[in-house]
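Note that chain A is present in both complexes that follow, paired respectively with chain B and with chain C.
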Partner chain A sequence: MKIAFASGKGGTGKTTVSLNLALALSDVQLFDCDVEEPNCNLFLGFELEKVEDVICSVPVIDPEKCSLCRRCSDFCRYNALAALPTKVLVFPSLCHGCGGCTLLCPEEAIRESHRFLGLIEKAKEGSSPEFYRGLLNIGETMVSAVIKKLQKHIDDRKTAIIDAPPGTACPVIASIEDMDYCVLVTESTPFGFHDLKLAIDVVRALKIPFGVIINRYGLGGSKVEEYCKTEGISVLLKIPNDRMIAELYSRGIPFIREMPEWNEKFLCMFEAIKSQLAGGKEART
Partner chain B sequence: MKQLTVISGKGGTGKTTLAAAFASLAENAVIADCDVDAADMHLILKPRVLVKEDYCGLEIARFDPKLCIECGKCREFCRYGAVTENLEVDPYSCEGCAVCTIVCPEGAVSMEKRISGQVFSSETRFGPMAQARLGIGEEASGKLVSAVRSNAKKMAEQYYKDLIIIDGPPGTGCSAIAAITGTDLILVVSEPTVSGIHDLKRVIELAAHFMIQVVVCINKYDINEENTRLIEKFCTELGTPVLGRLPYDDIATKAMLQEQTVIEYAKNSEHASESEFANQVRKIWAKVEERLMDIPDEQKGMKILKMKNFS
Partner chain C sequence: MKICITASGEGLDSEVDSRLGRCSYFVIYDTETKLMESISNVSAAVSGGAGIKAAETIANAGVNVLLTGSVGPNAFSIFSEVGIDVQVGVKGTVREAIRQYEAGELESISSPNNVPHSGMKKGSGMGRGKSRGR
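Let's look at the complex of A and B:
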């Protein structure tokens, strides 16, 4: 089973909740898909090893063969090629690696090289949970490509927990689109509530079953809870607005380690998700 | 005209709270909400929309089933996995590259306009504002950020504003890059948590990559004073100024519930801690303004040159 933790608004506790659940369960995989700012391992402290590079094809033009026909530069949707009177310039950082220019070139003057987008790392053998993360290179824009490569390491026989990036744009879609379930982590502030509704629109559009965790419960107001009730959305967990939790977080400690009573609560949440999915399947058949 | 971007790397550190407060303190600025996929600034500034336009980002492939012979070439050549087994376009994966139009032997593929969101030009109680809404599940958030910034620029010219305050997105990817390129100053809102520190380092690197000046402020500094000192220490080593510290306080949430900036909220507050919070924000803003004044205004320089040419 694949479960993602997403949020809309940033800083609502996706990483905290993913980590705590991964630590409460056994034999799970944890994926840090917030490749722009991966934070999970700050709390796990695993020794990481490189699994692979993530690359994107970019064209290299042979000026000897190029007849300056401009087909490549006219075609490129990303403005990565510019035809000058004497040569065609390539801007590798704008290229999305679609390969169209190579296909179109009548002189076979284009060959493909690549640029590095980032890398995939994993924790050394025997670590628990089994941990993978992606890391986007600084200055690189192709976030989804790194996320998709990272998710290739999901083992379908195991439970996979995915820590998704904030927002509702393409990196989030890439992180959650193949999931069996999505947990939306929010807080009951006006910003949290507003962005939760955006995130709900996304999971509904992708037709992914979902539930909500209210973090910093007690802060803000009761709007999130009321909304979930009216909409029939299950509230899986409420985490109080507790300074102790915030301080543990600041030191890089998953709070379940210092507050063992939460172990049970995370296990219950996992069971609730499973029964929601089982119920959903029954309802469909 | 100068541009200031507020970013953080990590989400939820207080970017919007601070940018909104700056909007209420700045004398002559346009506000741009560039966190387009989770835009919240409008919840505080309550903009009145003047102009609303659809925004078309990348195109999307459309297959004509009457012409399709199911050869599967489109699926074979698509590098984004955007053609399903049933030879349909998956709109969430299609990047609009148009490779399928080249490889289709029957000419069954055409590229269609795709509305990725809306951009708005608005007015608020603190001046003009540009914002956007990204369509559900749409790509092109970076392009939409650029569209918001170009709207903000237009408004700055139209209303004679000399500053654009940009509320940026979290992260270091496409949207964050679109929100900082070509700006004059970046303010990073950090927090003294292990994640906050890690993410701060990455955004400072990002700023260096694009050669933009950075200043830092530390929010919720008292949640871990040891980490706060750590941030101040490495910023000093890097030569990155730390403009101020803000305490862990519920004032941001309280102000948000009243649809006010922290500056407005503190005016009617009886709690000394809340007035003090607002004062600290004012101090940070004063330092930001000072920095901005020290930066040469390239565009102004160019305008003067142009006038000289005419005369």
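Let's look at the complex of A and C:
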């Protein structure tokens, strides 16, 4: 089973919850899909090794063969090619590597080179949980390509936990679209509530079954809880606004390690997700 | 001599737009024939590479001078490649911008004077968790 933890608003506790659940379960893989700033390993401290580079094909144009027909430039929806009066210029940083220009070129004047977008790393063999993360090169914008490459390492025989990036745009879609279930982690602040509704729009559009975790419960108002009740959305877990949890976080310790009573709560949540999925579509409104 | 001005509308009396990639029209004026042409900017609403597309359109229109507000590095490399003189600091109407140019009140730039994506309206970036609340 593949479960993603997303949020809308940043800093609501996606990583905290992903880590704690991964530590509560066995036979589990944890993927840090926030490839712009992966932070799971701050709490795990694993020794990481490189698995592979993530690359993107980019066109290289042979000016001798190019007839300036403009087909490549007209085709490229990312505007990575500019057909000028005397030559075609390529802007590799805008290229998404679809290869369309190469296929279309009637003169076969385009060959493909590649550029590096980032890399995939994993924790040394025998680490528990099994841990993978993506790392996007600084200044690079092709986030989704790194996330997709990272998710190729999902082993269908195991439980996969995906720590998604914040927001509701392409990196989030890339992280959650192939999931069996999505947990939206929120807090009952005006900002948390606002972005939760945006995130709910996303998971509903993608038709992914979902539930909500309210973190720092007790902080802010009761709007999130009331909203979930009205909408028939299951609240899977409430994590109190607790000083001990905050302190452990600040020291880089997943709180389940020092507060073993949470083990049971995370396992219960996992069972609740499984039964929601088994039970059908009532939460899939 | 063909002059291109980035503008918010068609014709000499429309307002100049300081944005290159996201302006609505390119008004092109020929100082010799006194003929004027307005080209709609097809890249004004694309998700990325608007500056490149705009520069490509301008380069293919046979323009000698561009009057605008700011130019990023990608577009600037196109103007350098085809030898278009980029002058910035325009204000008012297209007609006024042409007058400023002819009076020598504008200055050519020899390097980009802006960063990419600057013409995107505030808040139109696609929610990459800018307010990450951390």
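FYI, the second predicted complex is superposed on the first by the 280 of 285 C-alpha atoms of A that agree within 3 Å, B and C clash if a C-alpha of one lies under 4 Å from a C-alpha of the other, contacts with A are read in each partner's own complex, and residues count from 1 in each chain.
FYI, a contact is a pair of C-beta atoms (placed from the backbone, for glycine too) under 8 Å apart; a residue touches a chain by one contact, two chains touch by 3 or more.
Just so we're clear, the structure is a prediction, and the values are computed from it rather than from any experiment.
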State whether A:Tyr249 touches chain B only (first), chain C only (second), both chains, or neither.
-> first
By residue count, is chain A touched more by chain B or by chain C?
-> B
Does the superposition put A:Ser73 against chain B (first), chain C (second), both, or neither?
-> second
Once the structures are superposed on A, label A:Pro171 by its partner contacts, choosing first (chain B), second (chain C), both or neither.
-> both
Thinking of the overlay built on chain A, is A:Val202 touched by chain B (first), by chain C (second), by both, or by neither?
-> first
Please work out whether A:Gly232 is in contact with chain B alone, chain C alone, both, or neither, and reply first, second, both or neither.
-> neither
Which partner does A:Gly10 reach: the first (chain B), the second (chain C), both, or neither?
-> both
Once the shared chain is lined up, is A:Gly99 touching chain B (first), chain C (second), both, or neither of them?
-> first
Between chain B (first) and chain C (second), which does A:Ala83 come into contact with in this model arrangement: first, second, both, or neither?
-> second
Kindly classify A:Gly126 by the partners it touches after superposition: chain B alone (first), chain C alone (second), both, or neither?
-> neither
Of all the chain A residues, which ones make contact with chain B and with chain C?
-> 9-12, 77-78, 165-171, 191, 198
Of chain A, residues touching chain B in the complex = 7-12, 15, 34-37, 39, 42-43, 57, 75, 77-78, 96-100, 103-104, 136, 138-143, 148, 165-173, 177, 189-191, 194-195, 198, 201-202, 205-206, 219-221, 243, 246-247, 249-252
In the complex, the residues of chain C that touch chain A are 43, 46-50, 52-53, 55-56, 59-60, 62, 74, 77-78, 81-82, 126-134
Using the touch rule from the top, collect the residues of chain B that touch chain A in their complex.
-> 8-13, 16, 35-38, 40, 43, 58-59, 77, 79-81, 92, 95-99, 102-103, 134, 136-142, 169-177, 191-196, 198-199, 202, 205-206, 209-210, 220, 223-224, 227, 248, 250, 253, 256-257, 259
Chain C partner, complex, touching residues on chain A are 9-12, 73, 77-80, 82-87, 89, 91, 94, 165-171, 191, 198
